[in-house]
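There are structures below to look over.
In the two complexes below, chain A is the common chain; its partner is chain B in one and chain C in the other.
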Partner chain A sequence: MTVEANDPGLSVAAGSGASLRPLLEWLARRAEPVAIGLVAILIGLALFSLFILAIGKSPITLFQLMYTGGFGSWFSIQNSLSRAAPLLLTALCVALPARLGLVIIGAEGAVVLGGVAAAASAMPFVGIVPPVVLFLFMGFAAAVVGGIWIGFAGFLRHYRGVNETISSLLLAYIAIALMNQFVEGLLRDPASLNKPSTKPLPKDYMLGQIPGMDVHWGLVIGVVACILSWVLIEITSFGFAARIAGGNVRAAQIQGLPVGKLIVGFTAIAGGFAGLAGMIEVAAVQGSANASLAAGYGYTGILVAFLARHNPLAIIPVAILLGGISASGGLIQRRMGLPDATVLVLQGTLFIVILFCETFYGRFKIFNPDLWKRS
Partner chain B sequence: MNNIVRDTPLPQAGKAVGIETLGMTMRFGSFTALDNVSIRVPAGSFHALLGENGAGKSTLVKCIMGFYHATSGSLSVDGREVSVASPKDAATYGLGMVYQHFTLVPSLTGAENLVISRTAVPSVINWAKERKDLAAFMERMPFQIPLERPVSELAAGEKQKLEIVKQLYLGRSFLVLDEPTSVLTPAEADEMLGIVRGMTERGELTVLMISHKFHEVTKFADAVSILRRGKLVGTGKVGELSTAEMAAMMIGDVKLAELDSRLPVAEEAKSVLKVEQVKAPDRSGLKTIEIDSLTVRSGEIVGIAGISGNGQKELTEILAGQRPTDRGTVTVNGESYGATRPETRRNNVRFIPEEPLQNACAPKMTVSENLAFRTFDLKSDGKDAIWLNKGEMKKRASSLISDFKVKTASSSSPIAALSGGNVQRAVLARELTGDVDLLIVSNPCFGLDFSAVAEIRARIMRARNSGTAVLLLSEDLDELLEMSDRIMVISEGRLVYETPIRAADIGVIGAHMAGHH
Partner chain C sequence: MEDTGIGLWGVPLAIFAGAIRVSTPFIFVSLGETITERSGRINLGLEGTLVFGAMTAYAVAVMTGSPTLGVLAAMATGAMFGTIHGWICKWPKVNDIAIGIAMMQFGLGLAFFLGKSFIQPVAPKLPSIPLGSWSAVPQVQAALNINVLFFIGAALALFLWWAFKNTRVGLILRVVGDSTDAARAMGISPDRVRLLATAAGGSLAAIGGAYLSLYYPGSWNEGISSGQGLMAVALVIFARWNPIGCFLAALLFGGAGALGPALQSVGVTQGYYLFYAAPYVLTLIILIATSSPTRALAGAPGALSLTK
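Then we have the complex of A and B:
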């Protein structure tokens, strides 16, 4: 990835007619995050290969298995998509505040509390209302609780000057403790012996599969949430105001924009999405709220959001990619005798490399039309 | 020849060195920033370097100081050709530089900054001894700087002085001063330059000063070199060149925008901004800002003069709704004003803070987006818009870009890619279109080049002439004298003096700025 290698393209850009130039500029600006993201993934995979070599295994076999386990068959693709569903929502919980300049890493807290709220709100209505209405209740309760949780981190940030990264992380620990408190006490189903859980949803009250696929509806909810978020951020005036505040809070204040409301509003929406992820885990996967809710989706969401550069549409492919990587964990464990956590090492490596590659932005002439020769 | 790094502060024993560049050329890719420049600065002289932004002044001094390696050409110190590969090498030859931007560590005190700036700091510092040495050293210095306070608590003027003191403390005998007086009062600037000049006359120091202010050049420098577009276009003794000739060489044949001819402020002009009995804590929380009465009328420019750090920043923050007040009222057009978006919009209030890239723009957003900050949430019929109209945004941006002559590769370039003058033009384009009742401007021309300054002042003057009330806060007294109808002086958080421009006396204003009232 050198500037020289790209130079032929550059001279074409500079030499072609004036009518082509706007298109080339547009392409160049869009290509930068894609190219740098891909390079980051390649570097991450190379470092991970060294790690695999160091423990005496073949990285090639591992990558083949990873492909097979994640995307090699219709079965594994469906598995990957199912795992991507909650990641779409937790990634939004990181990406939306990030557009306002906030680094929120506590989506996990909103996921578990959203799950508990969904399970609790379902209990009185099971068997009374039709499933669709029940899902609306559950989704609403989960989104509200998740929204309050992350919105509170935003509130502390703006009105009390508390660092939102730390507060959202600490709030996540509190949330997990609260969940344990609820599922082991007030909301515990007496029938759950080894694993304290809330009362499971009956089979016909589970969020079902998308017709023709072995993937639950959570995927659709996640994709719709990503599209709505993109619309909110990119083409509404609220999103534009948020981007101004994220780009320079002083400039936003001087324009009289309500920065505090924007911060609380966007963090609340973000938390609402993470809460929905918890509801989906309960309604589509677990059937009840229990300690399995804290499965790390909130943390993997951070990786997805950063890799997607906080662009809600880019979150969709990235979440599917990361879903695939985690789906292949089981296969790698069985075939290569490596621990399940191997994929976590890969995720961690990728994250570090992605943060490192942030420094590449603006360094390459090919992506920066401002440095091109005037034609 | 003194080729060892002098760690001990001995400015009095310093002996000035002279330098000479020969055919200095610096190319960045295909762009020639510096083209065959030869200047001679003899030992003990005070040499001024004039030129617009981008003329190559910084490039030249960076080549001298070893930050850049010149593509070709050579540097001699005291007649001997030397190779300066790094600022460290430059220090060996006694060459030092005071930057326009501060290089002090904000969290450390002045004394700590001075001591740690030495090349060989002992691993265990004997502070008692250092303090004694510093006190003795400061006795000989013309500046009064509180050395025991953290630098972050110092005002800009004090920081700048400390920067100069630091170089002298390090025993440099050739100093590059990059616009050293931009944050000082006229009296302070005169004093500082006078003392520096004295040191050059005594043969203790050689100075190469980058400046935009002709009166400083004519008053203090012996000789001047003028750069334009990387080329040396003129050099000579100060007495032999008139200011007009220097200006002509600097800007070439560009025609400067002229200030609108001034209409007198109408007797019955209505008050637009009224600040009464306002009291608020300052940034340190230790002192207060108290503005008893400040009125700006329609069609009038009220200039606020003051040394930086005397409450200007707090005053602008109060007006922008960013600093809560303990008491008092701010009214615009007769109604209470809290700087919310609806209030700002209803009363046509516009705000142009200093350093617009840091305070009024989102640097990574595009020029077109930055130009839309004020209007993105309005439909063409004036109602609130939910959806962004990107096409309209682009169209509006291109017309503003051409109206205000903003130089940018395209409207989709990030605004941070623009030069300072063009960022300021873009901000003016955004804030000065449409009806403006009240314009609050802070240091609008800080760090901008000659032609940009003239044009920006003309824009503000034109707004005034069309009935806008303008509150101009500036650290540049020349600017205030040129622009204002009335001048007020802010000192220690209070407005202490007021004069109509016809009766303005620079000496009296300067005395009030310096706290004599």
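Then we have the complex of A and C:
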């Protein structure tokens, strides 16, 4: 990788106009993650192409199909957006704790239990309250349960010193077992024979589509959650304190910041978002809680968050991109005879290369105004 | 009645047999992770390595008819995954935990991709030793029918315990794990030692996978692993990076995993899924009980990012 700062244009420009310099510095700092991210994606795609060539298929056909299946028509764009909706929320579940220096990978647990909580809380009220009120109940129950689940991992981290990566993952396995227990036992609808489920929501109690689109309201909830998270981190003092604690825990403690409250608070909010993803799956897609809740959104969310470098606003385009890639899986399977795991291989390759490219940050003079020649 | 039914005695017997059967993959993965972590690095991607090893072993056994060749092939792929992890992690600013998660997703994806065509055919199984032939009770015979890999794992645990203390390689590994700077001062290249340790760890984890697909449960499908590769990371912490501790902890986990099926076999079907969660709950309780917010874990390698 020798993309060294051999572009003389920028340094000349920086020297010539003093008034331009702040703008250029701002641009250079912003350009670094975008440029490194794009180069990483290109390297990842190149490696993946080699793999596809090695098994005797055409990577060009594959990428064309991927584009067609993900973004080629209004129909496929809507499909991609629908798939992006839960990813927005599960990615936040990884990104928010990451700003505090925590690696939480158990969003899947909050998703499935959030879904169960939403379905269970809806049962007594269907037909009694209007749908909008019911959605509030469901969303509240799902967010609280998800928040407790991931918040517990944060609590254990700060007050017991338990590694949050492992505990959140164990909690995810426990959550899936609990979900199976509820869905096949206490909450099972006797009418669901082959696939044990909770009692399905009536059609007029389902979270509908955004007007004019074939995409459910979950997308709006996800985008709003990302914007709120950005405000929380970048603008509020709570978020500022969290960023300090994420940079250096000891410094934050010496400053008297409530590190424990920050960690539990951030992990609980993160889990609340993942719980909402479960509620959306129940209210907008499945109609009931069942084993399909554990569809891997929690795990793809990890990739989305790392790709977006834990920036809530960057999560929006990245989630749509990955939603598109997964939406194209079916088409690739049908047209090229490749297994559905093709998408997983691509995701894994991209993930590794993107993390590897973290090593390039700060290495290029062009992105670092402090190293520019002063005239 | 006496000939075939042994009543409630079946439960402890089934748990004992299950502990041995279920623990074997845990033994290999946790010993592998111990080697890696003792060198000061954590590989969270062993779950992917394990599943890829399971697929490779099964595929090679189907094609060659030899389960032993399957295990060897799995070891080779495991070492490859470990080498990739070790090589990437030597670069500055690269987070070994995050790379582990990525390697896990990559390994799972690649295993499902390449293993798609091997879900149908039947592979020859790994041999086991019938230690229970003295007994007339079929359950006892079945319980004492123990796979060779279990004994190899037990011997390996003993050997590693000895080797960490008494060999030159073991000493180098521990120095690198405790202090990168001290290792450099001694003229050791920490990156190279960690790369080799991660490769060795990967190849052991792949044996665990080979056991899953070639012996118990003895088939290849996408749900072959129930998170053994990840739980092994917690198990190593519980065992305090001690190979003998890993072996005993693996037995404990195996027993917990066998609880649900054992109770089901005597007719207890209530709460089946909760018993299924027993190993995870046990792991979590052990982690909570043994961790502390104020001090580093006893026996933890000094350079390990996990416990900092």
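By our rule, the second predicted complex is superposed on the first by the 365 of 375 C-alpha atoms of A that agree within 3 Å, B and C clash if a C-alpha of one lies under 4 Å from a C-alpha of the other, contacts with A are read in each partner's own complex, and residues count from 1 in each chain.
Here is the rule we go by: a residue touches a chain if its C-beta (ideal position, glycine included) is under 8 Å from a C-beta of that chain, and two chains touch if they have at least 3 such contacts.
These numbers come from a predicted model, not from an experiment.
With both complexes placed on chain A, chain A has more residues touched by C than by the other of chain B and chain C. In the superposed model, A:186 makes contact with neither chain B nor chain C.
Applying the stated contact rule after C-alpha superposition, one finds that A:34 touches neither chain B nor chain C. Legend: residue contacts after superposition of the two complexes on their common chain; A:23 is shown touching neither chain B nor chain C. Of the two partner chains placed around the shared chain by superposition, chain C is the only one that A:165 touches, whereas chain B remains out of contact. In the superposed model, A:53 lies in contact with neither chain B nor chain C. After overlaying the two complexes on the shared chain, residue contacts for A:251 are found with chain B alone; chain C is out of touch. In the superposition on chain A, contact of A:133 is made with neither chain B nor chain C.
Shared contact residues on chain A (touching chain B in one structure, chain C in the other): none found. On the chain A side of its complex with chain C, the touching residues are 103, 105, 156, 158-163, 165-167, 169-171, 173-174, 177-178, 180-181, 184-185, 299, 302-303, 306, 338-339, 341-349, 351-352, 355-356, 358-359, 361-362. Listing the residues of chain A that touch chain B in their complex gives 22, 25-26, 29, 234-241, 243-244, 246-248, 250-251, 253-258, 369-370, 372, 374. Interface residues of chain B facing chain A in the complex, by the touch rule stated above, are 320-322, 339-345, 351, 353, 358-365, 369, 372-374, 376-377, 384-388, 390, 409-410, 412-414, 417. By the touch criterion given at the top, residues 44, 84, 88, 91-95, 97-99, 101-103, 105-110, 112-113, 116, 226-227, 230-231, 233-234, 237, 271-274, 276-277, 280-281, 283-284, 287-288, 291-294, 306-307 of chain C touch chain A in their complex.
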